[in-house]
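Below, chain A partners chain B and then partners chain C, in two separate complexes.
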Partner chain A sequence: MDKKISKIEAICIFIMLFINTILLNAPQILIDNCKTGAFLNSIYIGILAFIFIIILNKIFKYFPSSDILDVSKFLGGNILRFIIGILFISILMLIICVSLAHFTILLKTIYFRNSPILFIIFFFIISAFICNLNGFGAVKKSICFYFPITVLTILIILQNQISNFNFTKITPFFGDSFENTFFKGTSNIFIFTNIILIYFLLPFLESDKSFKKITIISFFISWILLVFMVMIILNNYPFNNTISNVNPVYLLTRKVELSDFVQRSDALFIFIWILSYLSYITFFLYFITLIIKKIFTIENEKMIVYPVVPLIIGITYLLIRTNFYKFGSFELYKNLFNITVYIISLLILFFAGIKKKLI
Partner chain B sequence: MKKICILSLIILIIPLFLTGCYDSVSIENYYYVVAIGIDTSETANIKLSIQIATTSDSGSSSSSQSTESKVYSVDCDTINVGLNILNNYLSKQINLSHCSSVIFSEEIASKGVKEYINTLANNPEIRPTVNIIISSSKATDVFENITKSGVNFSSRYYEFLINSDVQTGYAVKSNFNKFFYSINHETETAIANYITVNDTLIQSDGMSLFKGDKFVTHLTPLETMSYLMVTNQLQETTISIQNPFDNNSSIDILIEKQKNSENKIKLINGKPFIITNVYVNGKIQNLPTFNGAESTDVINNELNNYLTNLIENYYYNIIKKYNLDIVELSDKLCSQFLTTKGFQNLNWNEIYKDSFYKVNVESTISTSLYTKE
Partner chain C sequence: MNLKNIFMNTFSYSPKKEHKFILPKNPNNMNNNCKENTLVSPNIKENLKHLKIIYNSLINSDIVIRNFIININDTNLKAFLIFIDGMVDSDSINSNVLNPLLLKNSITMNNNSTKNPKPINFKLDKFIYKKLIPQNSISTEKEFNNIYKKINSGFSVLFVDQCDKAFCIEAKNIKGRTDALPQNETIVRGAQEAFVENLRINTGLIRKSINNENLVIEDLSVGEITNTQVAVCYMANLTNDDLIAEVKYRIQNLKIDSLLSSGELEQLISDNKSIYPEIIATERNDRTCNYILSGRIAIIVNGSPYALIVPAVFTDFLTSQEDTNLNNSYGKFLRILRLLAFLTAAFFPGIYIAITNYHQELIPSELIFAIAGAREAIPFPGIVEIILMEISFELIREAGIRVPSPFGQTIGIIGALVLGEAAVNANIVSPILIIIVAFTGICNFAIPDFSLSFALRIFRFYYVILGYIAGLLGIAMGLFIHFSYLCTISSFGVNYFTPYIPFSSITKNSSYTLKPIWKREHRNQFLNTKKPDSEEKISMKWKEN
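Coming up: the complex of A and B.
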């Protein structure tokens, strides 16, 4: 019973994962790639992702209470399940390690200049580790608990900046070129990291019927948040800015003023985001253990956390020491995500659907 | 057994709260810098000065914010080196989180400020709302004059200095964040406050204009007022116009925004054509003889002419004389293109100086509250 999630909980988790993606610089990635075209690009990739979700909904109808691993097993046996499992583990590991490297560096730059980087990594990983030892109940509750305050921080930023909105800052609408915004810009669809959850959601739902509602509602909210954040960042920071390495979403918090009374509230925002980020990596850590459990048929998933955690610490530290988190990891993650989530998994679902029909 | 475990855990945790924080850093450990001054130096790259608010020993100060100020200067190659040197010989650690202004002397600003601004932008203690001020003389002169003037120095001194002029329409509100991004932008013109120092008097004197990161010139308070009108930032200001009924006297009119000004730009024969519509309300502050509605119309026309000339002069100066786009007209024109490349092909920096403009001012005059119409 502890492993089931209600409709509201599922929506909270879905949106929370995406908010963390936004906080981890997703809008800036679009802006770097498409310049002022990022606004149209965010709408465009949202439409593509929405069509994709509709297709997933159609195909998953044939596989009630199954996730992508079950479907892979149905299509190609244990070998295909193993391959898909490894691909998803790689993506999740990259999400955790790269995001952890970025967030750790941000915190070190801003607040903990004298603290060793490993201490900050340990702080996050040990919390995620303890939460995972307490099972899925603790993981989902931690996300749902931090969800309202995290959403509130985003809404405060939007509310604070929307009054200063200048339409000309998001123009020309096509950015550098039409090609960058629409053809090359298609690969930006990897921004919707929370789509990964859809592949594993069904077995956790109390009722399969709510699957469609959950995916569509939560996707729409995530999409709207992305479009607004892109607009706000474009409005505040010129797209040709290559000097500031600091996360622009954090920079926006430094501008938040609630009347004359509350100023410099960025520390409060960061504190809330640390909690929110903790729940984010806790959730992905859980999914890594879940996939390992399934593909290697291990009974106790809690025991899997023990070897995974040192691995994450090691990879994250390596990424930081080699600066790979800044340069190489991004392209690797983008390609791996797009190929696995949007192409391979879709093909598997498609052929499994045909096989199911034929049977 | 469970009780023993919980009790042991509590006993283990409680001592943590009883320990002293040996490495805690409290407010007494810091010198809070109110303003940073950057000047040219003969012996090094820059002369870095910091102004620190210190509490008066006599305790005579009535305001909780009123303090005295101390100034420390050092010749150094970069800001960070300067701060390190100051940290080295001051008894407390320097903290910039309450810094309200960064003052550059005109001399150093004309050589370029990018290096200093980027250094400060990388310091997380610097607030995005810090004022950027260009001083007609050295920044150290500004600090010295404040000390000499005998005013009750407050950490919000510069805020008051600039804000009072913003309300009169003679100065702009520029902040670090906007300035930082403007000097790193291809087409935007960075603006900052401009102050002049005379004997013991420090006064805000319009606004400074930058080309790239180099200070070019400063606009007079009247030009600044035009800028504020055109960009919808004017709150209210009092102007003096010729009395149409008596050549030897003038009329004071309090003007305020009636509705948002409109700035339109289009290309005619490859040259930008700027149309600016300004809408103001005017309240007559003084008029010895007043003959009802007819007089109002005459004064209204006089006011329209005055403001139109003022804004046209302002446009002439910024376009023809300085070739600076401070109204962000490039953004407006850029929004008419579908791609950035289309706009870049236009070569904005070249065609801007050939711009021509039309200014329309619509004003509505009324008498002030205490004068009978």
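Coming up: the complex of A and C.
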């Protein structure tokens, strides 16, 4: 029973994953790419992602209780399943490593200037590792437990900034150019990291019937949050902020006034986001082990986490030491994600659907 | 050898042989051979000899064997009664067993016996059972193993010559408390009645509160040597059958020599070997009845004044019987207060260390200056200061429990002086730390469950260390691991954080903060009871009329 996810839990997980993407750097990426056009771009890529989700829903109807690995096996046997598995593992590894690099650098900049970066990385990875050893039940419950307080932090930020909102600050609506916002900006669809979950969700659901509801409701909430956060950040920091290591969402928390007793509440926000982020990497770490388990047909998934953890530590450390996390990794991740999630996987589903109809 | 030694060896006393005791590795067990003889013999001499060996009657001072002769149909039959002194009611034995057997010895088997005589052993056991012993609770046993259990639990057993059965007569009177006030779960409004060490008194208390034929109290026996009676109490028309079966299965499959307390049983039947309590232990009869009526199972161990309630979830350990007795607004307030106390007891010292070391911006400048000013003369870092104080506090608390009661106040005075005035004046700790440790201690005392507060006392140290190492990051890490560990705990198939996590179990009447009594219509859904509703939709019918 602990392996199954209820409807509400699935929605929580879906939104929680996206909130973490927002908290890490998603709105900033849109602003960096499209400038003030980020507002329209966020709406545009949301529509594209929504159409994509509808298509996925249609095709997955033919494959009840199956994930993308099962569908790949159906279409191309073990070889195709292996290839797809490796691609998804690479994406998930990149998500964990790049986000970990960003978050640890942020923490080092704010609180732990004298501490070695490995020290901070270890804190995150050990937590994710232990939680994974406690099984999927612990992973999903952790996400659900931290979900309300994480959402609350986002709502506090939005509520705090909404009164200062000035529409003129997000103009011109097309940013640099129409082309940048709508044509080049299409690639920004990779922002919706949580779409990965859709490919693996069905076997976990208590009932396949709720799949459509879960994906659509959670996507809409995530999308609304993204649009609002982009608006708020544009309102406060309309210029490129990539050079500084400080996350703009974190900077917004410095403006939040809770009461006279709490002088600066940013530490409280960081505390909650650390918990939220821990559940985020724990969840993706679980999916890495799950995919490895499936493609290599290993019985005990808990054992897989042992070799994966040092690999993540090594890659993250390498990304930080080479500064690749800041410049190169982003493009690599974006292309890999878009090609795998939006093109290859969709084609596999499409052809597998045809094959199923023919059979 | 000098002169002094010669003198001492000659005139001083020395034992001839030094006494040395070595514990034999393979002690011979005489009684084991005797236990092979399992059936009662018609020859009373054999039975007597057998029991004398088994009970070591020559050296056992409280084993009473009363030999006598009874006359049935003009035939003298040897008989003996065996019981344990101190466990039986002597008056009852005299008036209900010995008196009828010895004084009615001229009674014949029936009125027509002179006309139609029958052999003496003809239905002898039934005759004794029906006509000679006017005791309400008698059973006949053929197997010695069962007879031992009866004798050990306070029964008197009668053996009669030519009869291959023994009569087990219940005339128990085990000395001990017969009534008690709650010592550890005191409440203002509610019954002032608690369990005692006697199992039957405890089950009687439950019966007194639940006057219903569906209340089942099943007796089980645990322990190869002690044969401790364990009563499993539940409502047959409410409690889930699988849950009952699981509880009985676990208790019946304990291969242990002895069971002396409910605390031992709790550890033996828990799902996980976690530091957190998974079974409710209560000394209150009303609380036990409340749980039984909600579809849970109470387990009572003979000799222990605590009932174990299964299954239990995390929020159960933050509730008190008083909550339901009071107006629901008071109950709500108390429960929220306890939750805050729980969080404070766990995190407050750790957060203090984290904030003072890493996140000073969180608190107003005036306060941070005050803390810095107070700590100016302290030679130790904050972590040493707080651990020193916490350990002192724990020691005082432990000493307060162990110390003989006349000295109890002294410990309090010493504690107050050492923790308060002296430590501050000697610049060992800062005054603010005294406030933190004292406040944490008070919060710990506000948690109703002893085991839960104990777990927090341990975890508090972890959080202090993590807060010192990495500030709020350390505490977040600790909390994350801690919570993921708690997620793995379950109590008799029920998740520890039910009904809140997973969300799917948030259903009717699952609120930690109490609903008004007329809205508590449903039993907890996670118990899967046979009768989900506990009251009608409109419980106060008088308002409708």
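The criterion applied here is as follows: the second predicted complex is superposed on the first by the 348 of 359 C-alpha atoms of A that agree within 3 Å, B and C clash if a C-alpha of one lies under 4 Å from a C-alpha of the other, contacts with A are read in each partner's own complex, and residues count from 1 in each chain.
Everything that follows uses one rule, which is that contacts are C-beta pairs under 8 Å (C-beta built on N, C-alpha and C of every residue); 3 or more make two chains touch, one makes a residue touch a chain.
On a predicted model such as this, the values are computed, not experimentally measured, just so you know.
In the superposition on chain A, A:Gly85 makes contact with neither chain B nor chain C. Of the two partner chains, neither chain B nor chain C is touched by A:Pro248.
Judged by the touch definition given at the top, the superposed model places A:Pro27 against neither chain B nor chain C. Of the two partner chains, chain B is the only one that A:Tyr237 touches; chain C does not reach it. More chain A residues lie in contact with C than with the other chain of the pair chain B and chain C. Looking at the shared chain after the overlay, A:Arg264 reaches both chain B and chain C.
By the touch criterion stated above, A:Phe112 is placed in contact with chain C alone, chain B being left untouched. In the superposed model, A:Gly46 lies in contact with neither chain B nor chain C.
In the superposition on chain A, A:Gly353 makes contact with neither chain B nor chain C. In the superposition on chain A, A:Gly135 makes contact with chain C only, while chain B stays out of contact range. Once the two complexes are overlaid on chain A, the chain A residues touched by chain B in the first and by chain C in the second are 111, 263-264.
Residues 6-9, 12, 107, 111-112, 115, 119-120, 123-124, 126-127, 130-131, 134-135, 137-142, 144-145, 206, 260-268, 270-271, 274-275, 278-279, 282 of chain A are the ones touching chain C in the complex. Chain A makes touch with chain B in their complex at residues 35-37, 109-111, 166-169, 171-178, 237-238, 240-241, 243-244, 251, 254-255, 263-264.
Against chain A, in their complex, chain C makes its touches with residues 355, 358-359, 361-365, 470-477, 479-481, 483-485, 487-488, 495, 497, 501-504. By the touch criterion stated above, chain B contacts chain A in their complex at residues 97, 118, 121, 124, 127-129, 177, 181, 184-186, 188, 328, 331-332, 334-335, 337-343.
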